[in-house]
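After this come two complexes, each holding chain A, first together with chain B and then together with chain C.
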Partner chain A sequence: MKKHLIGRPVPRKEGRAKVTGQARYVDDLVFPGMLYGATVRSRVPRGRIKGISFGEGIPWHEFTIVTAKDIPGENYVALIAHDQPYLADGAVNHSEEPVVLLAHPEKYLLEEARRAVQLEIEALRPTFTIEDSLNKKEIIWGEDNLFKSYSVEKGNVDEVWARADFIVEGEYRTGAQEQLYIETNGMIAVAIPEKGVTVWGSMQCPYYVHKALMALFGLPADKVRVIQSETGGGFGGKEEYPSMIAGHAALLAWKSGKPVKIIYDRAEDMAATTKRHPSRTRHRTAVSKDGKLLGMEIDFVIDGGAYTTLSPVVLSRGTIHAPGPYFCPNVRIRSRAVATNAPPHGAFRGFGAPQSIFALERHLNRVARAIGLTPEEFRRRNFIQPGQTTATGQVIRENVNMNHLLERALVLSDYHAKTARFARENSGQRRKKGMGFASFMHGAGFTGSGEQYLASVVELEATPQGRVRVLAASTEIGQGTNTIFSQIAADALGLDYDSIEILKPDTASVPNSGPTVASRTCMVVGKLVEAAALGLQQTLVGSGYLPEGYTPAGFERACKRYIESHGPLKSSSQYQPPPGIHWDDATYYGDAYGTYAWAVYVAEVTVDTVTFEIEVNDFVAVQEVGKVIHPVLAAGQIEGGVAQAIGYALYENVVWNEGRMFNSQMTNYIMPTAVDVPPIRVFFEELPYSYGPAGAKGLGELPMDGAAPAIVNAIENATGVSIHHIPVMPESLMEALAVTEKAVERA
Partner chain B sequence: MPDRVNKAEITCTVNGETLSLKAYPMARLLDVLRQELRLTGTKEGCGEGECGACSVWIDGEIANSCLVPVLQVAGSEIKTIEGIATGEQLHAVQEAFISCGGAQCGICTPGMVMAAVNLLERTPHPSETEIRMGLAGNLCRCTGYMKIFEAVVRACQATGVKA
Partner chain C sequence: MQAFEYAHPRSMTEALPLLGSRWGETEILAGGTDLLSLMKNYVVTPKRVVNIKGLRELRGIRGTPEGIYIGALVTLEELRTSQPMHEYPALAQAAAGVTSPQIRNMGTVGGDLCQRPRCWYFRSGFGLLARDESGRSLVPQGENRYHAILGNDGPAYFVNPSSLAPALIALGAKARLDGQNGERYVALAEFFVIPKSDAERENVLQPNEILTHVIIPEGAWELSSATYEVRQKEALDWPLATAAVALKMQAGKVASARIVLGHVAPIPWPAPEAEKSLAGQPINEATAARAGEAAVQGAKPLSGNRYKVQLARVAVKRALLAAARPRSIGAKGGV
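And now, the complex of A and B:
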């Protein structure tokens, strides 16, 4: 039996279809008699709907028109809370809130009609900022504008301040960020009242859509079918919002009796769908004179927008990651997700962690400076060691060595020589260069008992030809699900790569293996693929058909004989938590994640002090992610994540105007292009994790966490200017430089 | 509006085949390719000339088909992603995109391949800067571009076996 695929760069399973243009995305699908759907949105951030009228000059009788009163089941998008309506009924809480749906066979007429629908809305006073929401200027959600709050307590932080040699405080902010997958959100629905509802579309989580449609139509599980079409990027942006569009398309299909396609154009996608939560973090840190962390008090707040969506979970991850990969005996974290009248913020790669890690890694540079240590020496003295506990009391059992990762990253980036050289050469130069780094970790899989609740299942099925099909709801969204599942299944069974088929996620045929989020697909679901493969093998061995040391041909014979005498050959596997994992949701205490990926990222930047342009010239990403299943795909994940994080740090500025995204176009919301990215140099350390497939951990979100603070630390190193928010736009750099110059003049 | 404007008859060559099609003169080439000709390999990412997902060649020049009224291509030669491979034989750039990991979600890939092949036809051995400039009009949100640059380099190394 050969094992040879894991660790090798086999060709992407669906690569050929993608490079030839044959891969079918939702907008490539056409159904006979299909209508197009459009959404009429409130345009008022908060108010009461008084009336809906349909303007002159439009043949309204040709249109299918849906409002809240047409909804057959529940008018909410089923997720965590049931507060977000599919269609506003009475109240509107953000300016992109859907109110009326229209369908028509002609797209151009649809657009005219959308503009001819007039909503009469009595405006109420909106809330747009974290501060206004916290101060309860208006109560816009629940009793106190709070979707969720957590508190984490370790040791006794109240008594450290008196004995601390240094106390350092700081406040940090991060802006919203658009996922900007190049394929916008879209769905096609067929809905026939007697038969049920079927949707095809771009998505990460077929079973989220399934659950939402069941509630919306009041249908049982077997009357709702959700099929993923090829998906042109997700990054979290297709975790929850597809439930909304799928519901809208299905409502129009239900009423019209025809298939309905809704594809958002770029402006609508950017403005109306979820973005990364803006955040504010306050740190108060007590340190001894030998540079040891004594106490950390962290206040972390995220802006959830108008409805709950995933904010409680985003907040949870941000909270747990807020103290970073450091050991501190006394920690208090208080965190809150607040409501504002912006479109709901949601999942985006990193899921709360990029926000709190930005704050921490900027703050620790400030602390290091205050106590007179270099950023690297201060971190060295405080990195968490095996056997020590995190803020939630989790004992680190893996053999993490952050010091080693730091050393390697500093050597690979030539950090010491370059910082010394830049310090010498910068003075008097218009273009100043600097180096910065960030150290961080990212928990893989759902937080706490999340995976236990999900109880994911994967099935494998063998054909008489000895081919093996993987049945899982995990979606291929570019990250490589199809390829790594094939590698894992093939190696577990000793088969060739090509004898594994991955079934397209379709809720009518695949079991619920949970959502494709949280860096869980490889580590958690991949492990189930491995276990189900071993189960299949055991069945064949147990039946006496499969000899020891079999060949692929022997496997085929065994499948054939088994199926002839016993019927279908299937194996399934369900998630079991690794032994010794404990989590208490009530006290927020215990093993927050089964394991973590650990990393140190280094950025080299050039800052032009006249034009205020910032360039990233080199980027080194060193990480420990367990066994690397596919070196090319893994490096591709890191490079893509770093590029997104460069955008987060420097370019991607969501401009708000009365709760609406003002720059909802690729022309004025700028993401990194081929000329903006530095060489991104990726290095892996591999410490196999016993509970991942072949020792793998999760890595998809990790690269989003560390690049922004590394870059802003490098800007500080280049200019001496300390910036506490991202994105760092030229105007904010200009301001910060001006403030520093004034301070220097005064001194 | 289109129902008050007559469709025009437009003759052009698409992937080597001469076609005569009826379309509204101001219809976007992108829509005509995708909807009338069912050549759905050409993608729409922004509809405003920013992302390059809709890249095709018009008379050998790379163009954003979302910005081109179909009337403008009367008499022209158009090439789309469907015309890049020779039968089953992939173009060296397509092969390199697969082996280097240049395609992740794949939505930018047809446009990226069109831009990359076009670049190599004009500049068979581009420098790194030329590669970056040649692909600057094509946005990719997945890869961070590194593997795409690698693919272009590998494709020029393989030029000898180019289809």
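And now, the complex of A and C:
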């Protein structure tokens, strides 16, 4: 029996189908008699619907028209709270809110019809900012505009201020960000009242869609079927919103009796679907003169948009990551997710952590400067050590060594020599160079008790030919699920890569292995794949058909004999928390995550202080992620995440106009391209994690967390100006540089 | 996109009668890099689209005694790499400034000159002049970080998006416009106009005319020229400010200068004060900086684009310094 796949860059499981064009994305699917669906949306951010009129010149009798009145079950998107309607009924709470659905066989006529529907909406005063929402200028949600608040207490923060040698305060802000997956959102639905509802589409979480459709149609689980089609990227943007589109397509299909396809174009996808939560973080930090953190008070607020969606859990992750990989005996975190009349913000790679980590890693540079230490020395004195506790009281049991990661990153980036050289050479230059870094961590899997509630299940089934099928709802969205599951299952069973098959996620045939989010697919679901594989092996060994030291041929013979005499050969595995894990939802105390990935990222930048152009010239990403299952996919995740974070830091500016995204086109929402991205040098440290498959942890979101603060710290190092918000636009850099119009270009 | 009739004429005689006499009825398709997105976003909804890619007479670059004729269908990539353009660095650099190879390979010279403004209001269906119900422009107090800092007395606040126009104007180029009644020639400096109503366009082209050629006058090869663009990002984006300069140098001093700014005004914006400041001067840091200063003298930034004044000033300075550097290929003139 051989184990040889984990740690090797095997070809992607679905790679051939993708590069040869055989992979079928939702818009490649065409059903007989299919209609196209479109969504009529509110342009008013907040108001009361007074009437809907259908303009002239459109053959309305040919159209299927759906409003809230046509909904057979509940008019809400079932997720956490039940506040977001599928179709606005009476009130609208954000621009782009869906009000009417239309379907017609002719795409072009459909678009004209969509433009001919007039919504008469009596406008109410909207709320657009975190401040206005907190000040309750208008009550737009619940009693106090708060979707959720948390408070974390460790030690006694109140008594540290009096004995602190330094108290440093700061406020930091981050903007919204669009996920920009290559494939826009889309769904096809077939819905027949007697038979139930089936949808095909681009998604991360088939069982989220399943749950939402059950409520929308009032159907039992077995009458709703959700099938993932090939999915071109997600980044969190296909976590919750596909439930909305699936419901819309299904409502049109239900009423028309025909299959209905809804595909968003880029502009609709950018404007109407979820984006990253904008944030505001305030820090107040007490430090001793020997550079030790004494107390941290953190006020973290995110803008959730008009409905709850996933804001409580985004807030939770952002809150727990807010104090970073440091030890501080006294911590108070107060965090709030507030309502505004923007389209709901939602899941996006990092899930709250990039926001709070940006604030912390900018703030700690300010603290270091205030007490006269270098950023690296200040961090060395405060990195969390094994045996110490986090803000939620989690004892670090693994052999974390942030100091080592920091030293390695500084050496690999030539940090010390370069900072010294740049300091010498920058003087008198209009183009100034600088180095900056950030130290951070990312918890893998759901927060707190989340994984226990999910209780994910994976099933493996062997065929008489000795092939093994993995049955899971975890989706391949470009990140490599199919490939790593095959590696894990094959190595656990000592089989070849090609003898593993991954079944397409389809709620009619795969168990619920949970959503494909939260850096959990490899670590949590991969572990279930491994356990189910070992279970399969045990069954065969127990039956006496599988000898010790078997070959793939021996495995095939054993499967054949087992199935002939006992019937189907299956094995399933359900999530069990690692021993010793405790979490209290009420007090927000305990082991927030089974484990964390740890990292230090270093950026080198050039800032043109005359034209405000910023280039990232070099990037070093050092991280400890447990065992690396697939080195090429893993490095690809890091490089992609860093590139996405470069966009977050420097380019991707969601501009709001009366609560609508004003630049919802790729010509005006600017993302980095290959020429804007530096060489990203990726280095892994591998400390096997006992409860991950072959020792692996999660890493998908990690790279999104640290690159933006590293870059802004480097801008500060280059220019001496401190920037507290991202994205850094030329005009904000100009303000920071306090360039007057009379300034004359030097050199 | 709204359904439309598609015409694919093979000659100018076939093409011209297909064009409508009013704006909005027909649109001309060449590279399509701008038109398709305008149509997809319902900013324009033509009844007929006339594809002129079949008009062979609009292809190619050729030298004539009057100057260089550049066909409207010449792609930006052809322009950038063509041998004659080595004599006109400002133009080759402007073409190279369109940093997407895909756009350079599809986009044409005629399309670059006739593309519509990138103004977010215009592209979001607020109309060319982005006025509210009372007729006031939404731009001066709105999202104007990329809008005009010069020539912005209204009613237009957008910036001319052409990459090539500043360089072509600096080189003294003219456009040939063909209509059913024959052709006419317009200096490119006179081609662009500031519209006074939403019904007008940003240039003097009539709805039933085609811009067929651009002509760089004989003798322009003697000029030392350069284009400098300031941009936020290297690829797939428009510059924030551009300056194109063409200098006639005599014994190391400026005999005459043309300086034209791009992306700062509703039309390519000439800078006569800057030109005057250089008369009889050598090009060096000090004179170039002074010209940059003079170029933005009349700038009136809007609420959110003060930074562009600085960028325009720097663009002029850097373009001048670049033009004064000896050329590596086909060097003629220079200092």
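Note that in this section the second predicted complex is superposed on the first by the 738 of 747 C-alpha atoms of A that agree within 3 Å, B and C clash if a C-alpha of one lies under 4 Å from a C-alpha of the other, contacts with A are read in each partner's own complex, and residues count from 1 in each chain.
The rule we apply is simple: contacts are C-beta pairs under 8 Å (C-beta built on N, C-alpha and C of every residue); 3 or more make two chains touch, one makes a residue touch a chain.
In this text, all values refer to a predicted model and were calculated from it rather than measured experimentally.
Of the two partners chain B and chain C, more residues of chain A are touched by B. Look at A:Asp265: by the touch rule set out above, it reaches both chain B and chain C.
Within the superposed three-chain model, A:Arg24 lies in touch with chain B and out of touch with chain C [touch as defined at top]. Touch criterion met: A:Phe612 reaches chain C, while chain B stays clear of it. Once chain A of one complex is fitted onto chain A of the other, the partner contacts of A:Glu425 are absent, as it touches neither chain B nor chain C.
Using the contact criterion defined above for the overlaid structures, shared-chain residue A:Gln665 touches chain B and also reaches chain C. Legend: residue contacts after superposition of the two complexes on their common chain; A:Val655 is shown touching chain C, with no touch to chain B. Of the two partner chains placed around the shared chain by superposition, chain B and chain C are both touched by A:Thr673. After overlaying the two complexes on the shared chain, residue contacts for A:Met734 are found with chain C alone; chain B is out of touch.
Of the two partner chains, both chain B and chain C are touched by A:Tyr108.
Within chain A, the residues touching chain B in one complex and chain C in the other are 108-109, 112, 265, 665-667, 672-675.
The part of chain A that touches chain B in the complex is made up of residues 9, 11-12, 14-25, 27-28, 108-109, 112, 179-184, 230-235, 265-266, 477-480, 632-633, 635-636, 639-644, 665-667, 671-675, 677, 679-680. Interface residues of chain A, counted against chain C in their complex, comprise 108-109, 111-112, 115, 265, 267, 610-613, 651, 655, 657, 662-663, 665-668, 670, 672-676, 729-731, 734, 739, 741, 743-745. The touching residues of chain C, counted against chain A in their complex, run 1-3, 37, 40-42, 99, 118, 120, 123-124, 142-143, 145, 230-237, 240, 289, 292-293, 304-307, 309-311, 313-314, 317. For chain B in complex with chain A, the residues that touch the partner chain are 1-2, 34, 39-48, 50-51, 53, 80-82, 84-85, 90, 94, 97-101, 103-110, 113, 131-133, 135-136, 138-149.
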